[in-house]
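Chain IDs A, B, C and D follow the sequence of writing; residue 1 opens each chain.
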């Protein structure tokens, strides 16, 4: 009998097992972790998407776990990405230290994510939320470098703020409803006072917003993504940040939907999401590190998802959830390919690496499909979600938001091209001559995901089926689609089969033409053999154009980039912390001063006892 | 009443010493004075004028001629405790003087922040 | 198979050929006009045909790798696919192709497909000029997309549709052309169109004198031929799209050619008399007046 | 022989006097004695605990019935806290077994046993003056233990502690005196019944004196100047003793008196206010510390602030949450002090900076520190999570969102500085080969604590079911009076 606790215990005990395996068997940790993740993944898929309820009484608190259609969607995402991430890690992490620690925390994080989505009560939701936070924190600081520690602390600090906001909302709810059950709270929410409603919703939205890196709460993300090992970053960005989306979905449709100010909640979130998408994209454009670039891209994509959710129309939610799944896949692909480059070259700096396409063709292919998907170019999976999002924006009359989103999505080409160009195209420097393609265990997950974005792009209905069910959980949302056709509320439709067919046919025709047209005469030359105004470039001449690649655009948006929330928060935090230093004047180190405090306290209390204690001397 | 005033002023004098004197020994003396003040105060609570010890075997004694014995017993304990505290304090003062070669409390501030 | 299927297949063949012919001819005409303005005679109108035919027949074709090899394929895929999803002539099954299976949003993204493929191909050549050109081109794109999308959004929300066919349907009669119904949207769109066509002052991407034609600099032989073919088709596709959206489309080929030609002359003539903008100047240009017009267009619809 | 509560005081006291004598015979015997004492006391706890949860056990010492004689009141609260003291005491002994290598060890163990005597005495006694005596026993033992290392900082810290501690006992004694002079009795239960005999003015004085006097022991701001010094300069197990036992006893005393005599809304408000002040200031100060043990000390103060807030809310839920938090804090802070003790020992420096790289060199000790840090921040699946959750729930139920947010602000600060320390441990750095290893006894002690923390974290019900009677016992003055007077 498969039930939620079985899955959770497989993950958590498996984590401990992986740690133990590392002690006794070389390579034991990675194999154990992979098997555990595969097994748990199987269990997740085998679990009936509605049911498997399990109740656990812990003292005065009762925990309820159950699989719903909504949670099943996210659980599948977690399970698949988790398994692929671990598979990828097997060779990526080979030879590194503390593998037991790595896999243990990896599995813990996966287990915690599954716990979050299966939770039907707020306590276990928060419980797993915190477990997820610290286990992912452990992975961020995995490298043990000073930088990763800084990133980790930052990540944890923001997460803690977010988590505690969620916690406050939970206890405020409990104080009103006397129950931690999600369903109970949802039922009683509309009866609560306006103040409570506003407080709960804003706390929850902010709390979940932190995890989904909603601006201006995103500042932890770029560094945390950059510093965590790539195998995990794929899951981090692909699945873990989606937990924020999971939560926002609940907030918007389970809680906010029953209030009078629903429309304000949605508008605020939509605009926050839109600005997140745009600004994060701008920041991504000016990055010079592949993983940081992808991190900002991730923030931006989550912005789209938030917009979709916040629109609240069937098409909007469908776009959001579809993008959730697709983003999980293509961002994992991109992070994995960045990781592959890192593994072979030792850096992810876009300024240093170049021309790896011939050395790592399959990694390049993954990256290519990844960027096409992110860019939303048909016929891959990214397009259909963008299409639905625009339709939803149009049908809800968000005229200006659509522009913001569009700018974001156009500017995305800049960083996407920079990503793939700098790493894989252009002149290859001598130092990368020895570079080899990564091992199969890393290629398999990348290839599987590539296949997935292609299939999901052509047959969006496959992914839309579980999404449709999930929407049914969130509310009474009806959207229409066929396996290959999606309809908008305005009656527009997009037929992916025709599109993919046309593109495919013409592409194949073109490829055949160019391939067979004087095939014999066509030859490949080195990248040094280029048109340089008559000069023949020498071996050592640097012809790579990579540094400050997007400078023209950067100049154009300079006025916007001048404002950085990150710097503002840092400044605020540092100043705040340095004010703590004034406490030095309280704890002077002089015993007599302390004695003086005691006497003063007595004197004050006696003098003011009337107003403090209500006892008049 | 007089006892009360006397005892309380003792306490205050002691506290004054503790708070203002810089010499560790004087601080310890101040603490002792506070102690004595409290003890005296306690005794005077149980004091009844012209009364004597509550010895039940003396038939001539009536209840109103007895002082309250409990404060006396308590103070006895308190004195012992005060003594112990003073002893520990003095021990520490000796230790501090050994290490710092000074008894000025303002100069013994290694531990701050 | 019944006759409508045959008609469709025929359409799939005829449309790109027509687009190619028209596009290349336009290219020739532009060269002549440019020459006349610059007080030269210029090549004959057919020159571009000969150029492309020559390129196709040439033998040597070096490339720097698979991505460059396929770059032109991407380009041609994008331009032909876009064309197939644009209704070329109103109510004519021969020229409608796939236009009922996609819409403006799809086209916006489909059009990028080719640029991306070209950019990837150009990137692989390792020529720094190509990369510079690509970076400029992409940045420029962010610039002109803003007014363009503003204009399109204004129109889409005005008629509550994203389908080009339906937009054409509402423009029956001269006075119902969208150029008159929403003039501000047209202004914004046409200014964006200037950037889209990469004529001066927005020709930073290819700037032959500066970065040696940028992205195209390493392409020769069949690659360049395919690229130019695709470029011609794409020019035509864009013109048809604009005609369909703003000028009420066309019922027959002659009208279509007149309308597209007039439309085409706007960027061409602007280009001839203007110097080149730097990239950031171009971007900021697009984000100023054209954007304001776009916003006005939307506000008119909303209010 | 039936186990009676008085043994909680008698056995450690007896052991305290026995140890110097045993010291003449064998050092090993000296070392073993406290362990045997704790095992015996735990045995007693197992016997008495369930009974006390149902009905308080009141034992008369020396034949006089209350309110005349001294009586011991072994109620649910006392039983809960004494069991906690026993557990913590036992692990502290285990840890000290190898940690305290400095002579004279018999004095260390003697003072330790005295301290346990005093603390259990405070928790058990039903007599006000008796409490003073135990308070002083605890304090004097604590002063001496602070200075145990005989270095100059230890002496300084001890002197400060003594200075402030004397005020504490003076104020408390004064309050005892005032109460006695009006009610003529010293038995808590009896006083509680006669509290109206005291005129308001005197009552006010008593309240202030008790709050300040016991506030010093409970580390209430601004009365806690002694605490960081004493915690950081005393040997590490003694830090654990302070955090886990002494402070808890002091707080119990304060709360017992306040709840019995002065449970008015104003006083409760004041407690909440002081709790918040203590919590926030301590957390802020902790954030700026450079020494690990001082950081732990400030964090300890902060945690007490949290407990004071919860007690100040004064509802059933908040009080049981406060007790839970006291229990958790005693265990977790002990774990942290234990781990920090060996980390400081290994790195040879008290500075947090110098801990770099120890995580790889001394993995087990560092691991325990990390567990402790995560637990005290309140992260699941450790026990600290549940108590914090329950406190917050009770705060929210009381309807004060501002307090809720202030507590959480404190928690965020706490999370940051603890993780900074943990992360410092795991910074990669070449550490010179260090042959010193953490001894088994220390690791076992930490292991036991970590196991309990994890177990309670996964099955909070184990502790939670005892909380309700304990809280009830603390809150319900009428029951106390009835039971205390027979």
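Please note the rule applied: contacts are C-beta pairs under 8 Å (C-beta built on N, C-alpha and C of every residue); 3 or more make two chains touch, one makes a residue touch a chain.
Note that the structure is predicted; figures quoted are calculated from it, not measured.
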Chains contacting each of chain B and chain C, listed by label: A
Chain whose Cα centroid lies at the greatest distance from that of chain B: C
Chain whose Cα centroid lies nearest the overall Cα centroid: A
Comparison of A-B and B-D (more C-beta pairs in contact): B-D
Chain B and chain D, separation of their C-alpha mean positions in angstrom: 28
Centroid spacing, where centroids are CA-atom means, of chain A and chain B in whole angstrom: 67
Whole-Å separation of chain centres (CA-atom averages), chain A against chain C: 36
Approximate Å spacing (C-alpha centroids) for the pair chain A, chain D: 43
Overlap residues in chain A, where contacts from two or more other chains coincide: 584, 587, 589, 591-592, 595, 599
Overlap residues in chain C, where contacts from two or more other chains coincide: none
In chain B, residues with contacts to at least two other chains: 18, 27, 109-111, 113
Inter-chain touch pairs (all): A-B, A-C, A-D, B-D
Residues of chain A touching chain C in the complex: 355, 357-358, 361, 368, 372, 375-378, 383, 386-387, 390-391, 394, 397, 399-400, 402-403, 406-407, 410-411, 413-414, 417-418, 420-421, 425-428, 488, 490-495, 498-499, 502-503, 506-507, 510-511, 513-515, 517-518, 521-533, 543-546, 549-553, 555-556
Footprint of chain A on chain C - complex, ascending: 56, 59-67, 69-70, 72-74, 76-77, 80-81, 84-85, 98, 101-103, 105-106, 109-110, 112-113, 116, 119-120, 123-129, 131-132, 134-136, 138-139, 141-143, 145-146, 149-150, 153-154, 156-157, 160-163, 204, 212, 217-218, 222-223, 226, 278-280, 283-284, 287, 294, 298, 301-302
Contact footprint of chain D on chain B as seen in their complex: 11, 18, 24, 27, 31, 34-35, 38, 41-42, 45, 68, 70-71, 74, 77-78, 81, 84-85, 88-89, 92-93, 95-96, 98-100, 108-111, 113
Sites on chain B touched by chain A in the complex: 15, 18-19, 22, 27, 105-106, 109-113
Residues on chain D engaged by chain A in the complex (per definition of touch): 159-160, 163-164, 167, 171, 200-201, 203-205, 207-209, 211-212, 215-216, 222-223, 225-226, 228-229, 262, 264, 266-267, 270, 281, 284-285, 287-288, 360, 374, 377, 379-381, 385-386, 389, 392-393, 395-397, 399, 401, 404-405, 408, 411-412, 415-416, 419-420, 423-424, 426-428, 459-461, 463-465
